[in-house]
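Common to both upcoming complexes is chain A, partnered first by chain B, then by chain C.
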Partner chain A sequence: MYKGGEGYWSWIFHRITGVGVALFLFIHVADTFIIGWGPGVYNAVTSLYRNPVFKIAEVILVAAVLYHALNGIRVILVDFWGEGVLKQRSIFWAEVVVFVILFVPTAILMLSRL
Partner chain B sequence: MATNGAGRPRPRGSGFELYSWLFMRISGVLMLIFLLGHLYIMHIINSVEVVNYNFVAARWGTPLWRTWDLILLLLAALHGSNGLRILIDDYIHSHGWRVVALAVLYVLAIGFILGGSLVLFTFQPVAS
Partner chain C sequence: MKVKLRIKRFNPQKDRKPYWQEFEVEAEKTDRVLDALHQIRWYQDGTLGFRRSCAHGICGSDAMLINGKNRLACKALFADLGDYVTVEPLRGLPVLKDLIVDMEPFFAAYRAVKPYLINNDQPPLKERLQSPEERARFDDTTKCILCAACTTSCPSFWVNRDYLGPAAIVNAHRFIFDSRDQAAEERLDILASRDGVWRCRTIFNCTDACPRGIQVTKAIEEVKRAIMYAKV
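Coming up: the complex of A and B.
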């Protein structure tokens, strides 16, 4: 067993982003459930998300989901595509490039509304 | 350990762990549509500034979005809680604490799936 390398770090980040997104998912299901209690309660609770701290957290959430999604595609390619294992380092760096291309404009757009 | 860039090794045999492994990959691919679509529509085209009671009530006025959200709820809750189950198995070595953590996880997961589905099926907008 060794540490380091693209395979190791992509796996660590997959776990960290997975836990973060799952924890937010529980919060998000709860805040949506509250809509059943009527407009007063729902609008009061969801107005918390307009706080700048939450808007920055929202950008981090998008980054975590995007990384987890792209890395998940990479894992599937390595698992199921015969040549995937041989090309895993190239696929990892392609994933990093796609992440930057998709995330940077998205983050600029979201932060411009802060 | 996944140092060769692969995911967890495919579990042997044809039991629960193999289906769990396959489910993570299949639900992951489906969420490329349902979750990334949700993020794009709700957080990028729209934003938390416009999402309020009336917005959600109008959105859930169409069966398409209720169905979309139900599919996303089931995929995300099962994918997320199955991932947390794997992490609990990997990182909590004490048998007692592992049982406690799994029990809390299963109660929360079932509660949130039932609660979320309930509101999706029963929500009736009221004037606000």
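Coming up: the complex of A and C.
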């Protein structure tokens, strides 16, 4: 494993969360499609999502979307704001702080309704 | 102090695949990995292959993967590395022997961006004048020693060897933003191709690896914007 810095790790997470969110989109399109077989089938399939395993998966999904969005802003700053490329390390750590502030209460809220 | 070096070795004429070998040498904290490699080749195993010329960080011969990062062996101190150090050849280029890689693909990418002054005007009698501000515009990218530490640290390059890579872009930048040069557009066309700057995902491994402290990603981003806004 190459020992990269903040830029390297931020990119790896960006890839993983990007692929993860895209995968979810496919599942989501598929489950919405099931409505074509009538409400009975649809409700039976989507009731699966009330299973605790899916609830936890939902929290992970929120984390993935949130990280991908925040890091996307970092990439935009690097690309379009001249200074961004020199401050990418600080922007990454600011991003981590914002992530924790937004994610922790959200996760607590979601899991308390398990 | 005693230091252990774990070196990835490969002789394509003998070995079917690379293998690790450990050596122990006596070294000072102020010694460099290059000194230890010399110790090994001169007194322990004369078959160890590595490349170096200046031994002072200016020729760019001895970039290698040291403790997981690309560095020059002649600038990597044991004081910063500890007493157990792994050494591998650069990634993404064919290994010729042990720590020596074939630099030809790297130099081919360098040549592809026309890294020389192009100016079709009648040459002036004296020098081509330039203001200090105009010179400062590309100062950073004049410092490159073509060691390949940046290009071979780039995940984009690892998966796509046709990517021209950070070093070629740095050296294109050096002329694109030079007021005396007239071929900026030609170079921007080359770098706007599918194997040019858009393969850069701003991972910053190149910037972190550059032994000359060049802001490599900054140079790449400046070239990207010059292409996007069609303005140098």
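Everything below uses one rule, namely that the second predicted complex is superposed on the first by the 111 of 114 C-alpha atoms of A that agree within 3 Å, B and C clash if a C-alpha of one lies under 4 Å from a C-alpha of the other, contacts with A are read in each partner's own complex, and residues count from 1 in each chain.
Definition applied: a residue touches a chain if its C-beta (ideal position, glycine included) is under 8 Å from a C-beta of that chain, and two chains touch if they have at least 3 such contacts.
For clarity, every value in this text was computed on a predicted model and none was experimentally measured.
A.B. asks: Could you look at A:63 and tell me whether it touches chain B, chain C, both or neither (first, second, both, neither)?
C.D. replies: neither
A.B. asks: Look at A:86 in the shared chain and tell me whether it touches chain B only, chain C only, both, or neither; answer first, second, both or neither.
C.D. replies: second
A.B. asks: What is the contact status of A:107 with respect to chain B (first) and chain C (second): first, second, both, or neither?
C.D. replies: It touches nothing on chain B or chain C.
A.B. asks: After superposition on the shared chain, which partner residues are touched by A:49: those of chain B (first), chain C (second), both, or neither?
C.D. replies: In the superposed model, A:49 contacts chain B only, not chain C.
A.B. asks: More residues of chain A in touch with chain C or with chain B?
C.D. replies: Per-residue touch count on chain A favours B.
A.B. asks: Share the list of chain A residues that count as touching for chain B in one structure and for chain C in the other.
C.D. replies: The answer is residues 1-3, 5-8, 11, 75, 78-80, 85, 88 of chain A.
A.B. asks: Within the complex, which stretch of chain A touches chain C?
C.D. replies: Chain A residues touching chain C: 1-8, 11, 75, 78-80, 85-86, 88.
A.B. asks: Within the complex, which stretch of chain A touches chain B?
C.D. replies: The touching residues are 1-3, 5-8, 10-11, 15, 18-19, 21-22, 25-26, 29-30, 32-33, 35-36, 38-40, 42-43, 46, 49-50, 54-55, 58, 62, 65-66, 69, 72-76, 78-80, 85, 88-89, 91-92, 106, 109-110, 113.
A.B. asks: Which residues of chain B touch chain A in their complex?
C.D. replies: Those in contact with chain A are residues 1-7, 10, 25, 28-29, 31-32, 35-36, 39, 43-44, 47-49, 51-54, 56-57, 73, 76-77, 80-81, 83-84, 87, 108, 112, 115-116, 118-119, 122-123, 126, 128.
A.B. asks: Okay, in this complex, where on chain C does chain A touch?
C.D. replies: Residue positions touching the partner: 65, 67-69, 91, 153, 155, 201-205, 207-208, 215, 217-218, 221, 224-225.
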